[in-house]
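Naming follows writing order (A, B, C and D), and every chain is counted from residue 1.
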Amino acid sequence: MRIHEYQAKKILSEYSILVPPGFTVLSENELEEVANTLGFPLVVKAQIHGGGRGKARGIRIVRTIEELRSEVRSLLGKRLVTSQSGEEGKYVGKVLVETFEEVKEELYLAILVDRDVEGIRLIASKKGGVNIEDVFREDPSLILTELIDPRYGLLPYKIRRVFFSLGLDFALLEPFSALCEKLYRAFLEKECLLCEINPLAHVPNKGFVAIDAKMVIDDNALFRHKDLAEMYDPTQEDSRELNARASGINYVRLKGNVGCVANGAGLAMATMDLVRMAGKEPANFLDVGGGATKEMVSYGLRLVHSDENVKVIFVNVFGGILRCDTFAMGFKDASPHIYKPVIMRLSGTNAEEGLRIVKETGSAIIVRDLKEALEKLKEIKV
Amino acid sequence: MSILVDETTKVIVQGITGREGAFHTERMLEYGTKVVGGVSPKKRGQTFLGIPIFGTVSEAVRETGAQASCIFVSPMNAKDAIIEAVDSGIKLIVCITEGVPIHDMLIVKNLIREKGVILIGPNTPGVISPERCKIGVMAGHIHKRGNVGVISRSGTLSYEVVSQLTDLNIGQSTCVGIGGDPVVGMRFVDVLELFEKDGETEFIVLIGEIGGSMEQEAAEFYKKSMSKPMCAYVAGYGAPREKKMGHAGAIIMGEKESAEAKIEALESSGIFVVRSLAEIGETVKRLLYS
Amino acid sequence: MRIHEYQAKKILSEYSILVPPGFTVLSENELEEVANTLGFPLVVKAQIHGGGRGKARGIRIVRTIEELRSEVRSLLGKRLVTSQSGEEGKYVGKVLVETFEEVKEELYLAILVDRDVEGIRLIASKKGGVNIEDVFREDPSLILTELIDPRYGLLPYKIRRVFFSLGLDFALLEPFSALCEKLYRAFLEKECLLCEINPLAHVPNKGFVAIDAKMVIDDNALFRHKDLAEMYDPTQEDSRELNARASGINYVRLKGNVGCVANGAGLAMATMDLVRMAGKEPANFLDVGGGATKEMVSYGLRLVHSDENVKVIFVNVFGGILRCDTFAMGFKDASPHIYKPVIMRLSGTNAEEGLRIVKETGSAIIVRDLKEALEKLKEIKV
Amino acid sequence: MSILVDETTKVIVQGITGREGAFHTERMLEYGTKVVGGVSPKKRGQTFLGIPIFGTVSEAVRETGAQASCIFVSPMNAKDAIIEAVDSGIKLIVCITEGVPIHDMLIVKNLIREKGVILIGPNTPGVISPERCKIGVMAGHIHKRGNVGVISRSGTLSYEVVSQLTDLNIGQSTCVGIGGDPVVGMRFVDVLELFEKDGETEFIVLIGEIGGSMEQEAAEFYKKSMSKPMCAYVAGYGAPREKKMGHAGAIIMGEKESAEAKIEALESSGIFVVRSLAEIGETVKRLLYS
């Protein structure tokens, strides 16, 4: 689960990591007070999930109350389109107004779960303030990493190894170590997949300051972090995906026009692949799940059908725990609402009974196997 | 032979009295799996389908001599259940549970490596050596005993593939679902190593998907250390970045985690990659008898 | 480092482990208020380091204010002699006055560092309230233990293993698990060598209550536990041993009359052994340490000499980092105060120079080697 | 041959610029030990007695090829220093530091076991193969090259014993101080195993003391797995219970931790136990040439 910058900074503050003084603003009325408290120059930052805010003018420096007002007005309540947001953009429900810190050198610091080595990785670079993947592509030697075994924790020597390669003044070893230890504690206790401070600045007379912060929390761990679960911001997601999830269905909206419905995440991905094999583009990923009821099936079908881009629906079900007859009953329930063509492949447990029920509705083009499905997908005009 | 499990494998079920645990214990028994005990602290001393229920795994192991365990506990208890199994002398652990926190798995994985125990999953349908032993939740009847080893990160995809094989009268030596989470016990390479050594397995089908780099690892291992013919399929071609595709582990976090990158790695190691799910069965048939 | 029962209970309370309501009393004046607050019956417990209080009447149940007064009066400011205190007894500077809990079943629960397996051990028994070593001798099957790997922590299954063998009602598993987890956290965070609750009682409508508690903290870890270091109670130790420690000298007073002075803990022990080989009893263990100065040597010699039991002093020094000449200078400094006979063996680094200095003082019987030392020890009348 | 260290062993010193570290580095160099580098974050890039100082152990290992490390850091930094050494590829670690918290050592000991690295100490004088290599703080000149292996929990006692041996013209193959703390790296049995295999060692002297049960462990191991002659001495006969005798580890917490119990165990395993410290040298001479 992504959280907003202001939320991540609040967590970092709890671990006594310095962040610029600032306020989260929900309406223009608060601006005068904020400006009086903080003083200028200030920076206005749109709170959306996903990067690319800088280039999309989601981050703006202001020097007067008028500038502050107009910049906040132009962001708050609007949708901000960035390189990562998709063309519909992300809703800006809050802006963060912070003291603008003049910094000379921007560093990068992150701790993340590295699935390839099945461990935790500390990453630092003296080239912060930019996308770390770009830095890695251009000059991997600028990126320093250390693996952390959670059984032994983040030991001081690992931090020293990274620190020496950063080429900072030796006097900064102690505050840098303290910073890393705090960040690791936050990472561990909040069960993050990623804690990133980028840029990280060293401000004289203050110490290390997290200018920007990103946190991704393990969805699977939210059951033991009520406070974090409450940080979830539904405005940052596609409302269809949200509704689907509320019904226990995995749905991801894509850009094509062939709606896909399958059971099981793997089969749902493979279903999209088949659509592409046929030279078409899938409109979505949809997995009704192994334990789906006919209500969930019906809901999933109507959800896909309701997408205006969808011209045809490809149903690909291999019955197991979800039996084909249960699926067919769900299809039958949905069928009065379905007028777009449906190509349906039903195999596995209780396939015969399922096919009988589907046939009765008369609302589907039934195919015997995936090969025939592929042919039908190729034939159909969308 | 087969890998991991066979007709002699004695299995206990941790979480035997839960809904899932009870249902699948019955299915496993029907299939002929030697389920010799269950663990459920609350129902200690009772029996289920004639199987004794113990309060702890160590008690169950002591009383039944079980070597394998199938875990159905809740996500919050999975770490404890896996470590309990390891600590009680279980050598093969199959963790069905979906939704285990990744920080728990990081700890577990270190233990597994340290102790040399085999863990399959979590978030896996399990492992089956057809007509001999099934530890997990897959439908037994679609499988058939034979010489093709199947490894998959996805449950439904492996059912699909197995069913295509069985329909073409191609049996399987063992089918292993390694699980759909970012951090799992056995990785592709661990299973491949066993298949390579197994006298029964003549051909291997690997079913990958987006996310992580286990397929690249497998490709490298294949090139260096394997001689048996193998084909692969990778789900999620053209999937968008940073979007979770159902499985907790099916998310593209960088270029190399895409299906395209994986397919390229597999092909460059000499593994035949099937592009269409519809053709896996036939491809295996063609390659197996060529 | 041992701490008092009332201190251990305070720590347990911080981890929300239940203890009987009570007050630590330093003077009789407080008793009326304590009695009014708690009500009768009460239990009065002398706060001394070391067990055996029960049999030594250091723990007394009182039912009236008069009883309370008289029992407290008979303990406070006195020395309590128990089976473990030595004949001089232990000073009672504080008494703990607690609500008396009527309990049916007394359990035992402890977590300790087990040096033999180099791990942490959880120990429980349904036979609490008595010395656990006695239980072990009589019926080891009554004692249940689980090893804890600190890298993985105290996992629930370990607690279940112990719990089932205790034969308690299943409904108590949850509170028992919570108790064990709290105790483990206290053990770990306070870096204990031992955390023991004996007896542990289950009081209906309350839960598990620590009736008595014992904690031993790792001396070597005190540098990171200022709060614990402050719990140190010098009144519980021999004042000579205390003074010696303050001067950097390891000194333990024993019952014999041959004073011993050596450098290095091993050699100091072996020196005592030699005294025993000669049919005599050592009056003390004394190690001036490897890095001793002549001042420390002088102090150590005078300390041993000042023990009224000491009739003769055996000095056994093998010069290494502490050179023999340094030692001899210390001896020279002390010699004006020394009138009891001194048998001295000086070997190792700078032995010749050391012996020359010692000879000049004329205050020691110099022996060539340990064999001769042994003979001299045998000969001498004490 | 010798065990653990010889003239080829390349050593770095962690904490080389501290008072103790600097002093003993000079002594080690004088003795002929190949000290090839030092570690001191603060003085990174400088040299000490011509030896380069590095900021991290990994840097030191990379630049010097050291296999062994001698640690002189403060008690609060010992855990970090040992784990850094392990993680940087050091195979033999000698930790001189006295006063390391025991909870730190419990973690370290698990790591050591997991990684198969050798740790001597903490709270040890170190290890010496006379006239070849000395890693530690013992006086080199009292040692003499020869065929007797010496193991001890106490520094001064081992000096005493070694000196008696050398005076009788009996040399030592290797002398190992395992350290006086309750939890140490190598235990008696670990060293005994090496001595048993070592071609140079013909006789072994073991110097135990009260506290713990390492002597019993050694007795059992001797009976089961050793053929070389050996004698032992145990300090602290008749010492009182629950009183720490100098060493953090020299404290009797139960009957079996007394010198009496240890002596009994050693004797019943056929090990000759010398009762008087005065006679160890002569006893070795008698047993060695009998």
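Going forward, a residue touches a chain if its C-beta (ideal position, glycine included) is under 8 Å from a C-beta of that chain, and two chains touch if they have at least 3 such contacts.
This structure is a prediction, so every number in the text was calculated from the model and none was measured.
Colleague: What is the set of chains touching both chain A and chain D?
Modeller: Both-contact set = C.
Colleague: If you apply the touch rule, which chains end up adjacent to both chain A and chain C?
Modeller: B, D
Colleague: Name the chain pair with more contacting C-beta pairs, choosing from B-C and A-B.
Modeller: Of B-C and A-B, more C-beta pairs in contact link A-B.
Colleague: Distance-wise, how many Å sit between the C-alpha centres of chain B and chain C, to the nearest whole number?
Modeller: 55
Colleague: Between chain C and chain D, what is the separation of their C-alpha centroids in Å?
Modeller: Taking the mean C-alpha position of each chain, the two centres sit 28 Å apart.
Colleague: How big is the gap, in whole Å, between where the Cα atoms of chain B centre and where those of chain D centre?
Modeller: Their C-alpha centroids are separated by 48 Å.
Colleague: Which chain A residues touch at least two other chains?
Modeller: Within chain A, the residues that touch at least two other chains are 151-152.
Colleague: Going by the touch rule set out above, which residues of chain B reach two or more other chains?
Modeller: 107
Colleague: Looking at which chains touch which, would you call it a line, ring, star, complete or other?
Modeller: Graph shape here is other: it fits none of the named patterns.
Colleague: Let me make sure I understand the interfaces: which chain pairs count as touching?
Modeller: A-B, A-C, A-D, B-C, C-D
Colleague: Can you list the chain C residues touching chain D in their complex?
Modeller: Residues of chain C touching chain D: 84, 113, 115-116, 118-120, 133, 149-151, 188, 191, 193, 218-221, 223-224, 250, 252, 254, 262-270, 272-274, 276-277, 285, 287, 290, 318, 320-321, 347-349, 369-371, 373-374.
Colleague: Touching residues of chain C toward chain B in the complex: what are they?
Modeller: Against chain B, chain C makes touches at 152, 155-157, 160-161, 164, 170, 173.
Colleague: Name, in rising order, each residue of chain B that touches chain C in their complex.
Modeller: Residues 41-42, 44, 55-59, 77, 79-81, 83-84, 87, 107, 111.
Colleague: Quick one: in the complex, what on chain D touches chain C?
Modeller: Within the complex, chain D touches chain C at residues 75-76, 99-103, 105-107, 109-110, 137-139, 142, 152-160, 163, 180, 182-183, 207, 209-213, 233, 235-240, 242-250, 254, 259, 275-279.
Colleague: Contact residues on chain A for chain C in the complex?
Modeller: Contact set of chain A toward chain C: 151-152.
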